[in-house]
Amino acid sequence: MAREGGGNILPLSNCKVEFLDKCDGNKVWIILQDNKEISGNLRAHDENFNMIIDNVREFENQKNVGQRESILLSGQKILMVIPGSEPNYSE
Amino acid sequence: MAREGGGNILPLSNCKVEFLDKCDGNKVWIILQDNKEISGNLRAHDENFNMIIDNVREFENQKNVGQRESILLSGQKILMVIPGSEPNYSE
Amino acid sequence: MAREGGGNILPLSNCKVEFLDKCDGNKVWIILQDNKEISGNLRAHDENFNMIIDNVREFENQKNVGQRESILLSGQKILMVIPGSEPNYSE
Amino acid sequence: MAREGGGNILPLSNCKVEFLDKCDGNKVWIILQDNKEISGNLRAHDENFNMIIDNVREFENQKNVGQRESILLSGQKILMVIPGSEPNYSE
Amino acid sequence: MAREGGGNILPLSNCKVEFLDKCDGNKVWIILQDNKEISGNLRAHDENFNMIIDNVREFENQKNVGQRESILLSGQKILMVIPGSEPNYSE
Amino acid sequence: MAREGGGNILPLSNCKVEFLDKCDGNKVWIILQDNKEISGNLRAHDENFNMIIDNVREFENQKNVGQRESILLSGQKILMVIPGSEPNYSE
């Protein structure tokens, strides 16, 4: 599973933009603290992980607990971002 | 629900201002940590999510627990902002 | 309760100073995390919500748990600030 | 208890230095999160509330749980600072 | 176990880059809060500990709870980074 | 226990470097949140309390729960640093 032999570790700044840009249809899946998750379409973001997300679905403990049209998500509570993906929890 | 084909991901800086400006009657609904929520009218904000809010209603676990005329809300505890909207929990 | 028709959303920087300056007798009521609250007289503050407060009363779960002459309150743990007001919990 | 009539609210920057300088014998009492407290002699500090403290006593739930000669205290976990004072919990 | 006699303490900036670059095959093991851990291959990072990681395995309480192709990990929730290593918990 | 008569309070910037440099054999003992502790040899640090530490021992509730050769410790979760010292918990 490891890329043995490794390679160069790139500075994140370019990488992060490219990483988020390649989201399929801008889909993004965001893991927050306390077993909360958000999925939706990424409209905009800044370097502090703040994001505007459309077509939002909210999850708690892997259960869908709500939908929202658009939100401004604070980057401070984000644990990780998974681009081009969405949860496939049964609803 | 996904905007297949996607589009460009915009830098947040312009987007965020526009996003908050289009609030209907400046209504704003803010989700904090620990199942706390705030709704009211957004009078002012800065880039760190600090906000002055008027006609404030506070919620805990989706129950209204108080009203306040005006508050200065620290951006540090904000999870997400939903513009032009307010909770419709029965009170 | 909403100011229908809305207005302009102001940048916070001017607003925040004015907001705190108009405190009645400099009274300030601060909501912290974990059901802690502080009330007192605001002597000084900076843009990070750090504050020097005099005649301090501390509350936990809406009960007065102590008084202090003067404190330097870190802005990092502040949830919201209510100017010109103080808790009226029975003591 | 309130200074009715109030006064001017000062910018914190000068105030904070003066506030910490007037500590009696540099005594300082620091309230952290989770019912932890530190008392000791303030040797140095910066604008982020980081501090070097000598003759340190640590408290949890108002009980002395240890002493240390000198520590470097991170400002990030500090709730408030009480200058010129120390806990008088029975030990 | 201690390097008695010690040496110089270096500024972190150069050291950190070198430290992360020497990861064997870019393997990296990251300890987060709340007994969460991440392992994978480090593709990029910035000075705020934000990282893009490939071939990700997630752990909770030392149990593998999932795999992901690639993530953007926020630096804000990271407790520590162990380069060139991975958990050997039985799965 | 207090240095009555006190003295001047120094700015932290010089003090902090000197403070960490005088670690005996670079030994350092770090208290984190949630009753976690780290001890080891300080190889490098920056002004945000980020540190590279060698010969690491980890503790939880004063029990040794692991060793690691080298780690990059995020400064964000650090409560306090005790230089030139290490835990003497029975193992």
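List of remarks:
Note that the chains take the letters A, B, C, D, E and F in the order they are written out, and that residue 1 is the start of every chain.
The rule is short, and it goes like this: contacts are C-beta pairs under 8 Å (C-beta built on N, C-alpha and C of every residue); 3 or more make two chains touch, one makes a residue touch a chain.
These are the chains along with the protein names UniProt gives them: A, B, C, D, E, F = Sm domain-containing protein.
Keep in mind the model is a prediction, meaning the values are calculated, not measured.
Each step here moves to a touching chain, and the least such steps from subunit A to subunit E number 1. When subunit C is fitted to subunit F on its Cα atoms, the angle of the rotation, on a 0 to 180 scale and to the nearest 5, is 120 degrees.
The pairing of subunit D with subunit F is characterised as different-residue: of all residue numbers used at this interface, under half are used by both copies.
Separation between the centroids of subunit B and subunit C, computed from CA atoms only, is 20 Å.
Rounded to a whole number, the gap between the C-alpha centres of subunit A and subunit D is 40 angstrom.
Each chain gets a centre from the mean of its Cα atoms; for subunit D and subunit E, those two points are 34 Å apart. Chain contacts: subunit C has residues 20, 76 touching two or more partner chains. Taken as a graph of touching chains, this assembly is arranged as a ring, one closed cycle with exactly two partners per chain. The ring of chains, read from subunit E with the first step to subunit F, runs E, F, D, C, B, A.
Within the complex, the subunit D residues that touch subunit F are 20-21, 23-27, 32, 34, 38, 41-46, 50-52, 54-55, 57, 68, 70-74, 76-77, 86. Across the complex, subunit D meets subunit C through its residues 1-13, 15-16, 19-20, 33, 49, 75-76, 78-83, 85.
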